[in-house]
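Below are the structure tokens for one structure; questions will follow.
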Amino acid sequence: MSATTLQSPATRPGTSPLVTALFRAVRGLAILLAVLAAVEGLVIVLNVKPWYVPRPTLVLNAILATPEPYVQGFLRTLTETLMGFTSGAIFGVGIAIVFFRARVLRELIFPVFVVSQTIPVIAFGALVVLWFGNTLIAKAAISFYLTFFPVTVNALLGLESVDPRQEALMRSFGASRFQILTRLQLPAALPQIFVALRLASALSLVGAIVGEWFGDTVGLGVLLLQGMYNENVVAIWAAIAMCALLGTGFYAVVAAAERALVFWGAEQ
Amino acid sequence: ADPVPATLRLKWLPQAQFAGFYVAVAKGYYKAEGIDLTINPGGPNILAENLVATGADTFGLSGGLDSVFAARDKGLPVVCVGISHQLTPFVFVVRADGPIKTIQDFKGKKVTTWFTGANHVLKAMLTKNGVDPALVDIQPQQVSVTPFVDGQVDVITATRYNEYYTIKTRMGEEKLRTFVAEDSGITFPRDTLIVSETTAKEKPELVKAFLRASIKGWKDAFSDPKGAVDTIMKAAPTLDRAHQEFQLAEVQKLMTAGKVKEDGLFWIDMDAVKITQQLFLDAKVISKPVDLAATFNRSFLEAIPVADRRP
Amino acid sequence: MPVSIQGSGEAALAAKAAGASDAAQILSLTGVTKTFGATRALDGFTATIDKGEFVTVVGPSGCGKSTLFNIVAGLEEPDPGCAMRFEGNSVIAADLLGRVSFMPQRDLLLPWRTVIDNAILALEVEGAPRKEARALAEKMLPEFGLTGFGQQYPHQLSGGMRQRVALMRTFLFKRDLMLLDEPFGALDALTRTMMQRWLLDVWQKHQRTILFITHDVDEALFLGDRVLVMSARPGKVKLEQKVDLPRPRPAEIVISPEFIRLKRTLLEAIEEEAMKSFTAEGK
Amino acid sequence: MSAPQSSRALQRGALGMVLLVLAWEGVARGFNLPAYTLPSVSAILGSIFDHRTTLFLAGAYTFAEAFSGYVIGAVIGIALAVVITLIPMTRNAIVPVATSINSVPVVAWSPLILLWFGIGMPSKVVMVALAVSFTVFLSALAGLDRVDRRSVDLMRSFGAGRLAILFRLRLPTALPLIAAGLRVSTVRAVIVAIVTEMLGAYDGLGWVIYQAVLQVDFVKVWSAIFIASAASLAFFGLVGLAERRLVFWK
Amino acid sequence: MPVSIQGSGEAALAAKAAGASDAAQILSLTGVTKTFGATRALDGFTATIDKGEFVTVVGPSGCGKSTLFNIVAGLEEPDPGCAMRFEGNSVIAADLLGRVSFMPQRDLLLPWRTVIDNAILALEVEGAPRKEARALAEKMLPEFGLTGFGQQYPHQLSGGMRQRVALMRTFLFKRDLMLLDEPFGALDALTRTMMQRWLLDVWQKHQRTILFITHDVDEALFLGDRVLVMSARPGKVKLEQKVDLPRPRPAEIVISPEFIRLKRTLLEAIEEEAMKSFTAEGK
């Protein structure tokens, strides 16, 4: 069973993965269109005020009217998200390994990590600008800050739940701790790590967007903020749609990577 | 010589409220003054005072007198070198066909306002008109005007250039009645230009040059509003053009009111400043009077011929 | 050939050959005891294994055989107060890590590795180039009846096939002392016979020493130079039986009178212990 | 973890915090940093003492929001994952919708949620529930999916229905992952409550922070954050403790 | 007693007793085939099991025995084109879920449940009150040599003990047809003998029907009314051997000439198949 992946587990052998992926994409698109059409119909029929829910076509028109800020914003936010995600994932797993190895460090530092996660970044917009300036790095840093913690927690859990008998076997081969790590513990923790990575894909996007609220000129976060404070609900939804597109796309990529890498599921 | 790099931190994202600065950049007025100016937008919880005080930004278009007072009260070394909006930029809006005809009618009604200064203006207005603020149901105002449009709120606070536009487009201007702070003898000037004490002391020429170019930009914006809105729309293409045109017109009214006709754009009217300071002292937002002479510095404006400053 | 054995407990058999040269011994355990919480698994297990010897271990289920192996593989320290010598040196369990090739009772295959890659795990740990290791393993597949299954994953294998992969992994990890915990438990009669022959072959050709747990008394006698019968839990050596049958041993040896006599002795000893173990309280 | 071990962990954790605080105090004082860059811890503690009633009430308010949202979100997250395991058909409907909703940053929903649920407590509770439910949902689903197929088969051979398999096999298997999700969510619950308060509220720590930022009172901002951190840390610790009780067989 | 058997393939043995009454049959399989990707595990397996019969299944490792059991337990559907009848009705595999008691080759104990609670798992699923079920299981512990281990967790048990817990779990799930996949594989000789006796007891007293996989030809003959020898993969019935030894069978029966004759027949058949299977390509 391709456990831990979120898509239907009945897809491994037989059909080619490309065909399955294509089929999934087409089906997803069809469902999306159907839902949008239904919303459009409902909004018209029920005469919903546009500032509660605007018609999807209005939103689409808004994007098509001035596509380039949306395209630019998408690319910019994507870049920030990727930077934050990658650094957060690497750091998250790395620090989990350190904590896993050095219990003392873990007990000393882990609470500090927890505390660090309780600081609302948006209270410190000025500090972020002070430290990182109006740079890509600033956004990536916030994105990183939101990403690494769940990765650490899950990776640690995964590393700790390795079958002790399997570890014993490796030790009987004279395996070094590094070898046990790379050949047993990391692969065994991979399913758990991927749960966190899927979560992190969303969080890193949040980080990038919040980062853009600190005086940036390009990005989906900027568009969102413009819409929010001008109470331009169509613009809000347009920005939301772009975020959803970016977020689900990124999530799908992470999930696909998971399917490719964690093919063995829960078999023992 | 190479232009000196400098930044202007806005209080918010690009919009017609800041058109003059964008026009001045677009037309090269800062370049001509030897300044390579970057405009950095603001955002929620981005405090221009903070960034200017620490030197991260050279200039700031800050929240207003409220935040300048607060900053000085907390010891941030910022100096106000100009005031943009000479009048209180927000009004209190009610339904024209509703029961509220006067400020006295606020009693027992649900009033929402921003707890960022507007609340003090409201309280002062109520007190001036003989209403005990405790008898009014004053609540914080969220971003949306929908609760007012839907009738859940009796009185709403609106900036003349933003929320008012939104309410008006949804309900129609004829359905609205507004209450203005100035009618109760209260003024709350906002959108101040600030620099750090260091800049004020060490680079007075830079400040003067910045003011000169900015004023030029604003005058252009007022004389060619279409072109100014074009410039803004280029910086923020998703904005609503009609709204921005309205905004520029409103901002022009706010910036050219009061003594500006004689003393020019960005003039610092010390009388209005004192009224506002008293408002904050009464509300205990600041602990003690600030050193007005150190906080407000008109010398940079005064270095520019007054004829050039007049709108 | 066996040199020194010391069983303790009521049925101990102290057959101390005085001339025992330490150099001939690969492993000697004295008074090995292991307690898990309230359960005492081993109690004063004492035995000596010579270089090149093939020693089989039988005993009632739950008597501590796997525990013994875990200790000798270096995975678990015995309770304090025992002595262990390996290749002439006094050692603690941890010193033995990486020095004996150990096949645990459960196959413990890694689900993300193919048959081949599971088999070469120990080689990889030793630092062998992966390509060469794979080629080596690939060549061994037929011997283990796994031809064509090299690229399969463990969950695609039958129980017996998994066991053979685990066996292969152990054999590829070449050490003087091999510990095999019921390696043929899940195999059918013939496959078992073939694997037995193969094992004897490896043992003789490569001069390895083998400690071999089994439930099958026939197997214990057929393979071993010596059979250690363990007592019911807590386990110690109840009986040490030398198997003086000539090698190579033909399949028919199982019906020879000598074989049957040995078998009877062993069965009696085991039966007594198994009965105790079966009726004992878990402690 | 045994009792002495966990008390040692507690001591070490406290030591870590003390070291952090000392370093902070040292930096703030040593470099003589102004409050708007980094106030010293002692100044913050002093401010906490000065504003203790305000901060305590605000903290209680925020924690109430965070906790209610957390409970609701956890229930929703686990329930959705359970629904998917019981009715596999729903997977392809629930998962994409959940991911797209969650791909939009919580902060982006805030104007709409404020619009729909008002400026009071309910909007914060909804936002927290939204954030928590997704985290818990992903963890729970991964956990429920992770069971060994052969164990499921064994249960099926006993004639066990989906429900019996869920309660006797899937949920216990998923418990460690669910617990991890619940643990991570504690911190997020508090922070989402605060952030939403900053975007629109009239009570709670986020409101205090928002006010303080506008009043350029950074010492007060940090005071509120200290309270939030202490609450989150306690919340995290409590859930961790419950987890160790629940997942005893590890 | 066996009524109808149809082995297919080159070594098939078609012993059709014409008078077969459907009512006497509990299970009949015709042409059961199962393919995993490129691997064909079963190919036209055909057999009939009578009510109350004890049928043992032997065959080379990897020949499809466990696959067959998975199908009969209702866990896996065979490839289309085969026929299955259970208690007189035509069924598909899924219909059999919950109707046979199945002991898989791996113990699959749940790590968070104690020995007792693992044993009563099936009873719980059936809706039995937990308290009563526990009391019942508690009483059975001595029979399984697990006295005092009721409150232990699986990781505290030895391999054979785990197997006995799994066995207990299966026995507590009372169904007319029992499928046991190498239930005694990890047990020592005596424990095995005791469990065998116990199993025969249960079988006779409770009139159950048993299908029993083993690698041990002695065990297959000692227990079974009939032995099915499976061919190498893809598995089908290669030989159906009736075991006409009187019951109760004493332990000494294994040295009776009749027993030895039967054993020889079986070994020959198995050997041929095992040899094929060992040298076959994985397909």
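Order of writing sets the labels: A, B, C, D and E. Residues in every chain begin at 1.
By definition in this document, a contact is a pair of C-beta atoms (placed from the backbone, for glycine too) under 8 Å apart; a residue touches a chain by one contact, two chains touch by 3 or more.
Because the structure is a prediction, the values reported are computed rather than measured.
In terms of the stated touch criterion, the partners common to subunit B and subunit C are A, listed by label.
Under the contact definition, subunit C and subunit D share the contacting chains A, E. Summed over C-beta pairs in contact, the chain pair with the top total is A-D. The mean-CA centres of subunit B and subunit E are about 86 angstrom from one another, to the nearest whole unit.
Remark: subunit B and subunit D have CA centroids separated by 38 Å (rounded to whole angstrom).
Averaging C-alpha coordinates per chain places the centre of subunit A 50 Å away from that of subunit C.
Within subunit C, contacts with two or more other chains are made by residues 106.
Counting partners per residue, subunit D has 36-37, 111, 115, 148, 198, 210, 213 as the residues that reach two or more other chains.
Within subunit A, contacts with two or more other chains are made by residues 51-52, 122-124, 126, 130, 213, 228, 231, 265, 267-268. Those residues of subunit D lying in contact with subunit E across their complex are 148, 150-151, 153-160, 164, 168-169, 172, 248-249.
Within the complex, the subunit C residues that touch subunit E are 36, 39, 58-66, 105-106, 142, 145-149, 152, 156-161, 164, 182, 185-192, 194, 215-217, 267, 270-271, 274-275, 277-283. Residues of subunit E that touch subunit D in their complex: 70, 73-75, 97-102, 104, 106, 108, 110-112, 121-122, 124-126, 153, 173.
The residues of subunit A lying in touch with subunit C in their complex are 163, 165-166, 168-176, 179, 183-184, 187, 190, 262-265, 267-268.
Looking at the complex, you find that subunit B touches subunit D at residues 44-45, 47, 49-50, 53-54, 63, 66-67, 70-71, 73-76, 115-116, 139-140, 142-144, 146-147, 285.
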